């Protein structure tokens, strides 16, 4: 096992990994930018080294600075967490060159699966279905129409480059194809400087279901079942659960086999997640390979809660060369887990990220509720990084009990000083389709107005009375500059 | 299901029950003495009623005051928690008379099992072994010696009245019997005003292992496997775990059958715990009925963590007349759970209870760690009640991982303002016999000196430096009167 | 202030009990009088306790208010400008893409119009409250 | 004060970072200067920061110190008195049983001796620091 492990990350995931190290008897080394000098991950590690100023490119994304910290601290392994350098093949290679074990798959595998086209090829070769699609030979309207006919309507016209849903157009029949193509081309050019389009079969009302896999250094593969991640806003997951309400035992077995086959194909190592689009539900549902994430996922706790397996500790053990301790048969799902991601953001304004002081921050302690966070009362949500505050993970023996437990946790999680999506998450967990488990990736967007109506409004008289009664902030910190209103009324605006 | 439930308790267990109510959609009603007006259980309930001044006899033990609160609040059920009125048959009967459902077994069953002698009879009738013993026909030395010979050496001479280990003498052979009998009689008379003695077979190095049972109103019984509770100080449990390292599958099955048989005998209802003394370990171990607790146990969370069953919610559902939702086959143990009880007490001075302000109180949030508590930073540990501060429950896939997790939780659980047993618990969890699982009810007492040596000592220079650097208490509360030294140096003492 | 009688008890450390005849709830509050944050029943409100008409946190300034301009709520970098001066834009068209905290923040046209001025440049760090684009 | 160089950083809200060349740890502190509470590595210390010789919380006054008497550390009720004036007692004999917080607190003889005075009565509420029994 390792003696000292450097965590090339910040926030809740750095804290999560530090804790795994402590339980494994490994010394932990944190790195931090100037914005995080007083952050919990810095305070909790056995050692912490400054790696640069706040901008990520000069700190958490600065390969040389991170490797320098590893050298200085005498670390023998590096865990990249998620985001930042986690899927950077160059960083993985540089770690190995520097004599450090990188907790993740080999650099070549990261590079191969990081390319969407190469990953599609890996899947196709492994016999895993991919969403039917084609890059037209040329970009003339007729060629694109030909490709659409071959793929079969409805189709999705999407930019070959870029992401975030920009320029994507759903086309249900040939009559509207021309106009959609023109608009997609215009938007792609404007956003990415490249108007190249791609035609893909449109899966209507799909679910996003992913499978967690673990592969040891002898190439033994197990999967830890599925995570249902269909509740997304702006293509980012906000609620995840396991098991999925869409999976029958037979479908689960088929998807598990596909995930294992996919992990075998490129000689994968360590933890990974195979993402699928799911069309339909039950035995007859069809699933299509979407991509493989070569790292720990934000939502890994739901899998940990239902399987009882500590994925971060498993990652470290695998990286240290230990064999997987369980066979596939020994891994079972028990009960139901739901994770909600609490973000510093304003759902009423396009989910705009918020930054500011945590004037008051109290985590609920409820049986069956696990909280992964990297902040403390009196700290800040800095402006430079991802605005994730905490993950609340509720486990119970049934989905309905887990849902109620997640609601109880959200309702007793006061966070003051920055706006959060807690009221929105409460409305979402109370939505009839979420209650019924009848969800798909379009739900949050379609229901946004209704969810906002249920989660915003004037303060009730009781809240005003509390505000009046509160004589002072409970903190010794200086008072905040006031709530930031993201939409600023500008004098001199002419309509 | 009930509409409104009154919780006739305080502290962590009241908070636990309030949370169960919230998840079940039941309104919760707290009661409080003047000492608890600002306690968390009062703040968290949907309603809270004052029932009297601080002394328990005038508040939490005052049957009329509690029933009055139930009446005033319109509650339709009462949960007694543990301690206070939980095993008071008169209270259970008074609830029913007042038209309230008592969450627990019928009053007659509480009364019957509350008597040690009647409970022994119930066990014997159900064919469950009890520790061989006899009340001698008269109290002459020769009659007692005769009883000892019949029971078989080694024996335990114990007062027929009282408890707490006072007056109990282990006698290994007839040579020392006379002196031991005389001393036991003297101590029993001094402590309880009654020198009547009782002779019981001495189980050397026994374990305390208990089985959790649930019985619905159709008399269907299931058990939720065992809890190992051998780590006790002054006959009070401080660390509990499940499973027990002493049980083999065959022994576990035999003890499970015994517990179920015992619950069937007196037409038991709701949750209960059958306590056994275990002599030896493995298939050939012998177990003896000790007593049956007709209520929720402090240590119920370890069972919840390994079985995934919410015992408090099950209690409420059973009381509302719902059938048990699982068959015995569907209940399984997964992984390992260890609970440590954090008390405001001083292990260096006979575990003397401590009271005072919680100047700083921060609960660790670690994956796999559940914390049940009923206090907040800025609150108090009042002088009038049980000094339990919190229960830290660590779950992991193996015992060793759970032990390390419990240690990690204890090491990151700063509590300042009252002395706690956290350093002692750390030393205990690190003790080689605890690491090996080779524990019995004598361990804590035998190893107390070694455990204290490992958990006390002069502050290291770093701690002094922190004390010097700390300019102020982080609280807005008034500063405490200073640490109470339980052993006061008295001027004028003549040796 | 409240419509029905309600008692507020300060429990210390930012905790408040709100009780009326029927029930009680736990609330939390922090912050200065001009922007007091209150957490109650899973909702958060920012209340100015000095003025006569406190406003809800979620009810303030809507994006499609004609009298409002869009500005970054925090320091952000201009990732790309998608319009030029004089260009006609339709409601919902992307005007400027900002980037902050690893996220893209699209600034779209609140209504149909024509671009009068562009007040920012790609790569520029913009401050909150400063106009990025003006329409006419 | 420390034997080897060690830096203390105030992280706010009672949290302190203790770092030396090899590693760093998180500590917590609270309380007034005459009894500052410090939590470090799972241990708690009460330190008088005014005096020159701070003492450990766990290292103070041992029960078998001849120069010490036993007194309740808190208000407690006398449950029973097990000795009378003039009675000879052996080390470990139960002298007085107190009761506080639902627990029995046995007060036992720290050494062999004879009871000189009994200063309490059954049922009495005793205050901390007041002698209960004196031996000779």
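Chains here go by letter, A, B, C and D, matching the order in which they are written, and residues are numbered from 1 within each.
Just so we're on the same page, a residue touches a chain if its C-beta (ideal position, glycine included) is under 8 Å from a C-beta of that chain, and two chains touch if they have at least 3 such contacts.
Predicted, not measured: the structure shown is a model, and the values here were computed from it.
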item	value
Touching both subunit A and subunit B (chains)	C, D
A-C or B-C - the one linked by more C-beta pairs in contact	A-C
Rounded Å distance between subunit A and subunit D, as computed from the means of their C-alpha atoms	51
Intercentroid distance (Cα basis), subunit D paired with subunit B, Å	25
Set of subunit C residues in contact with two or more other chains	13, 25-26
Numbers and ranges of subunit B residues touching at least 2 other chains	44, 412, 474-476
Contacting residues of subunit A [partner subunit C, same complex]	56, 83, 164, 166, 187, 190-191, 346, 348-350, 352-355, 359-360, 362, 383-387, 410-412, 414-417, 419-420, 422-423, 426, 452, 455-471, 473-475, 479-480, 482-490, 493-495
Subunit B contact footprint on subunit A (complex, rising order)	16, 19, 22-23, 25, 44, 301, 304, 308-310, 334-335, 363, 365-368, 370-373, 396-397, 401, 404-405, 408, 412, 474, 476
Complex interface listing, subunit D residues touching subunit A	11-13, 15, 17, 19, 22-26
Contact footprint of subunit A on subunit C as seen in their complex	1-4, 6, 8, 10, 13-14, 16, 18, 25-32, 34-47, 49, 54-63, 66-75, 80, 82, 94, 97, 100-106, 128-129, 131, 134, 136
Of subunit B, residues touching subunit C in the complex	27, 38, 42-48, 376-379, 475-477
